[in-house]
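In this document, chain identifiers A, B, C, D, E and F correspond to the written order of the chains, with residue numbering beginning at 1 in each.
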Amino acid sequence: MRDRLDEIPFPDPGQVYELVRAALVEDGAFRDVTTQSIVAPDQQGRGNLLAKESGVICGLTVVVTAFTAIDSEIELRTRAVDGDWVHAGTEFASVVGPLGPMLSAERVALNFLQRLSGIATATRAMVQAAGGLPVRILDTRKTTPGLRSLERYAVRVGGGYNHRFNLSDGILIKDNHIAAARSRGLGIAEAIRQARALSPHMLRVEVEVTDLDETREAVEGGADVILLDNMGVPVMAQAVEMARGRCLVEASGGVTVENVREIAETGVDFISSGSLTHSAKALDINLEVMTAELG
Amino acid sequence: MRDRLDEIPFPDPGQVYELVRAALVEDGAFRDVTTQSIVAPDQQGRGNLLAKESGVICGLTVVVTAFTAIDSEIELRTRAVDGDWVHAGTEFASVVGPLGPMLSAERVALNFLQRLSGIATATRAMVQAAGGLPVRILDTRKTTPGLRSLERYAVRVGGGYNHRFNLSDGILIKDNHIAAARSRGLGIAEAIRQARALSPHMLRVEVEVTDLDETREAVEGGADVILLDNMGVPVMAQAVEMARGRCLVEASGGVTVENVREIAETGVDFISSGSLTHSAKALDINLEVMTAELG
Amino acid sequence: MRDRLDEIPFPDPGQVYELVRAALVEDGAFRDVTTQSIVAPDQQGRGNLLAKESGVICGLTVVVTAFTAIDSEIELRTRAVDGDWVHAGTEFASVVGPLGPMLSAERVALNFLQRLSGIATATRAMVQAAGGLPVRILDTRKTTPGLRSLERYAVRVGGGYNHRFNLSDGILIKDNHIAAARSRGLGIAEAIRQARALSPHMLRVEVEVTDLDETREAVEGGADVILLDNMGVPVMAQAVEMARGRCLVEASGGVTVENVREIAETGVDFISSGSLTHSAKALDINLEVMTAELG
Amino acid sequence: MRDRLDEIPFPDPGQVYELVRAALVEDGAFRDVTTQSIVAPDQQGRGNLLAKESGVICGLTVVVTAFTAIDSEIELRTRAVDGDWVHAGTEFASVVGPLGPMLSAERVALNFLQRLSGIATATRAMVQAAGGLPVRILDTRKTTPGLRSLERYAVRVGGGYNHRFNLSDGILIKDNHIAAARSRGLGIAEAIRQARALSPHMLRVEVEVTDLDETREAVEGGADVILLDNMGVPVMAQAVEMARGRCLVEASGGVTVENVREIAETGVDFISSGSLTHSAKALDINLEVMTAELG
Amino acid sequence: MRDRLDEIPFPDPGQVYELVRAALVEDGAFRDVTTQSIVAPDQQGRGNLLAKESGVICGLTVVVTAFTAIDSEIELRTRAVDGDWVHAGTEFASVVGPLGPMLSAERVALNFLQRLSGIATATRAMVQAAGGLPVRILDTRKTTPGLRSLERYAVRVGGGYNHRFNLSDGILIKDNHIAAARSRGLGIAEAIRQARALSPHMLRVEVEVTDLDETREAVEGGADVILLDNMGVPVMAQAVEMARGRCLVEASGGVTVENVREIAETGVDFISSGSLTHSAKALDINLEVMTAELG
Amino acid sequence: MRDRLDEIPFPDPGQVYELVRAALVEDGAFRDVTTQSIVAPDQQGRGNLLAKESGVICGLTVVVTAFTAIDSEIELRTRAVDGDWVHAGTEFASVVGPLGPMLSAERVALNFLQRLSGIATATRAMVQAAGGLPVRILDTRKTTPGLRSLERYAVRVGGGYNHRFNLSDGILIKDNHIAAARSRGLGIAEAIRQARALSPHMLRVEVEVTDLDETREAVEGGADVILLDNMGVPVMAQAVEMARGRCLVEASGGVTVENVREIAETGVDFISSGSLTHSAKALDINLEVMTAELG
C-alpha cells in the first residue's frame, strides 16, 4: 500500500487562495506604508525561514500562495516538506525575489505557517505517545472558523486522521440529541432507527454515550460506532468489551499527551481531541532577511 | 473620563455576520443530518452556557449572531457581559428557542466563544501581572487570518490595548527594513526621514531596535516610538533611559505572564505579545440542553 | 414515528435568498422598462397562481422569497403546501401587493416553481409506480449546477429520498475507480480496504458493479452497499440474492416509470434515477392578474 | 455574409468560470473521499466522452473549464465542435491527464455538457421541422436560474435565435401589463405611447395579443412587434395578414416539434418556445476511462 | 399621463446597499478611531444637511441607506425630495440618532449625495437651456465605473432621459464599427442588415454618422436612429432634414449649456452629453451637528 | 534619495482587476450586440489612444487590465508613462489585437483613464501653482465611492500627496467631534487626551480649528497637527505663527488654483483640496481605430 504521507490531499487551492488574499487585504499588505517608503521598487532580497523551536513543518503550500499572491516573481526554495520534523535553529526554506512585496506578505505567510505547524506538532506528539497501538488519533469540529480544511490537513500531516468534516457527512447522535429524543419518549434505539430512516444511506450512525447503560443501549440499538464521552479508563475498558465485534469505539474528552496511551490501551479504535486544533501553540518561525545578499 | 470597558467598540456587525454565516456553511449547519432526523421541527429547547473552567467571557454578541443567523426565533438570555470573570461551573447565559436549529449552530457559536474568551482570559492574566504599573499590554498582527477584528476586540475586553491594525495604519521600521535600507547605504535616520517624506503625515514612525547602538540611532534620528526587540531586561532599562523624554518605548519578544512585570518595571510604555492571539488556549465552555424543560 | 412529509428540511434560506437575488438580477427585474413605464408606482394588484396541468406543487417558499426580495410588501396567500397534488385548472395560491414589482419578479418566481414542481411530480410518479414495495426511490448527483439543494428537496417533496449530497459525504467506488485500482494491481477488495483506511470512519463504502463476478467480489470484500449498474432484471435478482443479509443493494441505470416496479420487485433496497433531476419536464404554471381587482 | 455558426459568441468566460467553480464546490470535488483514497496522486489517465444517444454537442468550452479548474494539466482533445451532430456510440472527445482530479470533476463537466447538448438538440429538432421557411425559432426567459447565458448560447448552437436577454433590453407589453393599464383607463395604444415616452429610445415595443381585436389595437397603436399568444392557427393567419407591412409578428404558446411547421406557414416572423430551455431532456453522455492506458 | 418625476424608478436597493456597505468599509467607518475615542456610546445627536450652494438635491435614499447601514436607529427627516431645487444656505434635511455612528458614516453619505446632486444640477441646467423645445437631453455610457445605475437616476431626477444602459440593450453602430465593416468590404447598409440579422429583434439600430454622405447612407440603409457626431449646427440641420419622417435623430459631441439650445433648434430628437456624468462638479453640501441639542 | 515619481505604489492589482471586471459586466461588454454582429471573430485591429486636450496621463495599468480582462491577446504599446504631460493631439499609446473585444472594452478603459487623468491633471495644476514653496498638496476622503485607491494614486501621479486613507489610519478631531466633546463638558485638550488614551499609539492627532482661539487650544493641548478650516489668509498666517515649532499645519477649504499660492505662502505644511477628486473634469481621450491597418 502506498506510503501514507504521500497521499494527504491538500485542500481546494482556490479556497486557499481566497483565504490568503483576504488575509493580505486584512493585513493591509497592498498599502504597506513602511515598506513602500523604505524599500526600493527594484530591490531584490532573500529571506530564510528559520524554526526558532523544534516541530513539524506544515503549510509550505500556503506560504507559496501568500508570496506569489502579492508578487508572482517571488519564489520559495524548500529544504523540507510538510510533515518533516525540524530542529530549533534550522533554516528549512528560503524566499527569493522582489524584497518589498516579500516583506509586505511576510506576516500573513507566517501567521498561516506557524498555526498549521503548531497543529501538526501537537498531533505528532499525541500520535507518538500512542505509538505502536492500533488506534487512530482524530481531530474534531472544534476548528478555527474559516480554516477547517487547512487545520484538518495539518492534523493529517501530523500523523492523525480526520473525523467527519461537518454536520452533513456523518450521523453523530450526541447527548443533546438523546435528550431531545427522550423528551419525546424515544430511546436511543428509536433515535438510531429514525436517523437511518431519514438520512442518506451512505452515512454510518455513531452514538455518544456517557455510561455503560447507554453503551449497552447503543450497541444493542445497532450503532455503527459509539463515542465514549469523558469516561474513566476502567469504565471505558468495559465499554470496549461490550462493543467488541459489534461496533467501532471512539473515546473523547480530556485527552492529553499524558493520558492518551492509557486510553489507547483500552482498545478503542479512535481517540479524538479538540485541543489539537482549538488550543495548539503556534510554532515559532521567523523570516530572516539576508542583508549580505541584498542587491 | 468614561469607564474604559463601556466603550470598547465591537467590530463591524456586517463583517461578523459574514464570518458567522461562512462558519455555519463550513460546518454544514443547514444540512445537519443528525438533528434533522431526530429533533422534531416544532420542538423547543433551552440550553445553558456553562463555563467548565474559570476565565473572562468574550464574544456573546457573536453567539447571538450565530444562533439568530440560523433561526431568528432563538434568544440569548445573559447573566454576564463581555469582560466578566466567571468561575468554573457557572452557567452564564441561556439559549432559548427552537431546539433543532439551536443544536445545528451550537458548535459554531462555541468555536467563536471559546477562542475569544481564551484570548480575553490570557490578556487579563498578563494585564493583572503588570497591575499598577503605567504600561499598556498590546496585541500584535500575529492574529488568526480573517479574525483580526474579533481577536483585537477580545484583547481589549481582557484589558489590553491594540497596536496598529495592519500595515497601512502605522509606520514600523523593522529589522528587515533596516537591513534593506543599509544595503542601499542608508542608516536608520535616513530611513526614518524617507518614511516621513513618503507617507501620510498622520502616522507616527516606530523603529525596531535590538541593541543600544540602534536605540541611540533611532532616538537621535527622530523616531516617535522605539520597539525593543528581545532585549534583556537590564539593556532594556538602559534603552528606556536613553529614550526618556524623547520618544515612547515598546518592549516585545518572549513576553510571558511570568516576566511581564519585570519588563514593565523598566519603565517601557507598551509591552506587546503575539502569544495573546496566536497561542491562547480556548476557554472550555459547554452548551447543556435541559431535558426537563423540553416541550 | 412522525409523519414523513412534515419533516423535510428546507435548504439553507440564506443560500436560497442568494440564488433568488442572482436570478432577479440576471432577469433585469430591477430595470424592467416595460413595467416601470406602464404600471403606476402606487398600483396594487392580485395575481393567482394557476396550475395549467396536474402535478405536485413544490417551491412555495422560493416563490415567497422571490416576491419579497423585490418588495417586502408583497404577500403570498396559499391554498396548498409543498407536496400537494393539484389538478389542472386549480388556483392554488394568490400573490397580493404592489403590482409593478409583482410583475417584475413573476418570471423568476415561476422559473423556480415550475422546475421544482416538475421534479416533485416526476418523483411522485416513480414512487407511486413502485408503491407498496419496500424500496426507496433516490436522486443522484445529476442535478442542475447551483441548484442541488433545492432539487434534492423537490425529490423528497415528491416522496423520494436523497443519495449522498456530494463527493465528500459518501464513498462510492465506481467503474472508473475500479479501473484505476486494477491498473495498479488492486482488486475490488483492496480498493474497499484502502478507502476505509484513508477516509473518515463515519462513511459507508458503496461499490458499483456491472456483473455477478464483480458483485461477488464486492460483497466478499466487505462493501456496505453495492450499486448494480445497468443490469438486466434477472441478473439483478441474482445479485440481490448474493447480497442478502450481507449488504444493501442499489439499482441504477435506465430506470423509468415503466420499469421501476419490475426492478423494485427484485428486492433491491434503493433505486436511483438521474432523470428525476436532469430531465424532468417543468410543470406548467401561470400567474394570472385579476383586472377586476386592480385598484 | 459570414457563416452563421462561426460567430455565435460564447458567454463571458469569467462568469462561466465562476459557475463551474461553484458547481465543483457544490459537488465536493475538492474533498472527493473516494478518489483521494483509491487513485494514486501520480496516476495519469485518459477518458473518452461517449454519446450514448444521438444529438447536438454543446458546451465543450465548459467541459474544458471544469477540468482545468480542478487541475490545469488536464487537457481536452476534441473530435467535434459545438454544433456538431453526433451519433449514438460516438466518442467525440478525450480527456487526458492526472486521473484523480479528472474523476473528481467528471460529474460537474457532464452535468453542464448533458444539459446544454440537450437544449441544442431540442432546438435543432424544432429548427429542422420548420426548415426552409423564413422564420426564426426563439428562446424565452424561461431558463434555469443562473444559467441563462449558457442556455441561450445552446439555443443558438442548435440553430435558434435569442429573444431579449431580460426585462431591461426589450419592451414587451404582456397581458398583465395591458390589464394594469386598462384598470387605469388606458388602452393598448396609450400603453405603447407611455412605454415609448419613458423608456430608452433604442428599444422596440412588442405587444402580446390574444385575439384579433387586440391585434388590431396593437397594430394601429404603433407596436413594432406583436406577440400572438396561444392563438389557433387560422386566427394566427388572420393576425399575420392584419400586421403585414406594419409590424413584425411572433407566435408563442404550446409550440411543439409537431405543430411548429404549421405555425410557421402562417407567415409569422418568429416562433418562441419556453420548452427549449425549461423542459429539454439531457443528452446522455458518459466519460469512459480507458484502463488499458492507465499508467 | 402621470407626472413624470413621480415615476422615476430608483435603482435596485440591494445593489445600492452593497455599494454603500463597500464605501463604508473603504472609508474605515467601522474602525473610526477618532469618533470611537471621543463620542460617548450613548450620545445622541442631530445634524442638518446644509446646501452650501444652490442646486438640485438627488440621492436622499442613498443617504438613508448609508446612515441606517451603520446604525438602524439613525433617522433622516427630510424637508425636500429628490429633484427639488434648493438655494444656498438651505437646511433641507436632518439626521437624528446615535451621534457616533452618524459621524462615522457622514463622509460616505455626503460623497454619494454631493456627486448625485451635482449630476442632477448639471442636467437641470442643460434641460432648462433647451426649455420648450421638443428634445430629450440624454446621458451616455461615460459614467463612473460601478455607479452607472445611480448616475442615470440622477440624470432623470435632473430632468434628462437615459440612453441605452449598456452594450447589450441597444445596437449603436459607431465610427469604429463602420471602419471595421468597411475594411471587410461592407458599407453602412450591409452593417445595418447584419446587425438586424444577428441580434435580438427587440432592439433598434442606431448609426453614428459624421457627415451628410454617411447620413444619407444610414437613412437609406434603414437605420432607426442616426447619431450626428460632432457636426456643425448648419450641417446638423441638413441631416435632420434628410432624416425627417424616416428615422429619429440624436446629436452628440461638444454639447454645453451654452450651445445646447442652438443644437436643439435644428430639430434633433435627442441631445446626449457625456459631461453630465463624467465631469459634473459635486454640489457642496455639509452636515452641521447642532451642539445645543446634543444630549 | 530615489526619484519621487518612480516609487508611487500602484494599488492592489487584485482589487483593480475586480473593479475592472465589475465595470465590464456593468457595461455589458460580454454581450455587446453591436460588435458581435458586425466585427468578424478573427478580425484584428489597432487603435490609438489620442489626447483630445492637454494633460497628465494616468491609469495606463488600468487600461491594460481592462483590455486583457476581456481578451488576453490584446496588447498595449505605450509611448508615455503615468505622469507624463501630453499635448492635445498626441497619440500616446496603441492598442493592438482582436478588434471585437477591443471595441467591447473601449468605453470601460476610457472611463477609468479619463477620470484618473483628469484628477492627475487637476493636481498637477495646483502643485505647479504652489511651485517652489515647501508645501504638500493633499487629497481628502472626498473620493468616488469604490475608487479611493485609484484616485489617491492619481493624486500622487499628479505630484500631490495623500492624506490619511480612511477613518482608521489617522485621528482627526473635526468640528463635529469638538461639538460632541463640548456638549459633555470636555474642551479640545481633553478630547486630544482621550483620543490618545483610547487609540493605537502609532497615530498622530490632528485637530480642526476655525479661529485663533481654537488654534491656541489645540496647540497647547498637544495636537500633532492642526487643520485650519476655511480661514482667511491673514488669520491663517497668525495661526501658522502660533504653531511654529510645536505642531504641523494643514490648510483646507475653498482651495483653488488661483489662491493656492497665497495660502502656501503663509507657511502651512499641507494644503488639502477635495475638489481634486470630487470635481475634476475628465480628460478628453479617444480610441481611434486605424482602418487602413485592419486585417
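By our rule, a contact is a pair of C-beta atoms (placed from the backbone, for glycine too) under 8 Å apart; a residue touches a chain by one contact, two chains touch by 3 or more.
Keep in mind that this is a model prediction, so the values were computed, not measured.
Taken together, chain D and chain E share the touching chains C, F. Matching CA atoms, the turn from chain B to chain C amounts to 120°, rounded to the nearest 5.
With centres defined by CA atoms alone, the chain at the far end from chain A is E.
Centroid distances from chain C, each centroid being the mean of CA atoms, peak for F. Two chain pairs, C-E and C-D, are weighed by contacting C-beta pairs, with C-D ahead.
Averaged Cα coordinates give chain A a centre that lies 34 Å from the centre of chain C. Mean C-alpha positions place chain B and chain D at a centre distance of 53 Å.
The residues of chain C that reach two or more other chains are 7, 31, 36-37, 40, 165, 168-172, 194, 197-198, 200, 203, listed in rising order.
If you draw each protein chain as a dot and join the dots that touch, the picture is not a line, a loop, a star, or fully joined; it has some other shape.
Chains that are in contact with each other form these pairs: A-B, A-C, A-D, A-F, B-C, B-E, B-F, C-D, C-E, D-E, D-F, E-F. Residues of chain A touching chain D in their complex: 2, 6-7, 9, 11-12, 14-15, 149, 165. Across the complex, chain B is touched by residues 1, 4, 7, 136, 161-165, 168-172, 194, 197-198, 200-204, 206, 224-225, 248, 250, 269-270 of chain F.
Within the complex, the chain D residues that touch chain C are 19-20, 22-23, 26-29, 31-40, 43, 45, 47, 99, 103-104, 106-108, 110-112, 114-115, 118, 141-148, 165-177, 179-184, 191, 194-195, 197-200, 203, 274-275, 278-282, 287, 289, 291, 294-295. Those residues of chain A lying in contact with chain F across their complex are 21, 25, 30-31, 36-37, 40-41, 69.
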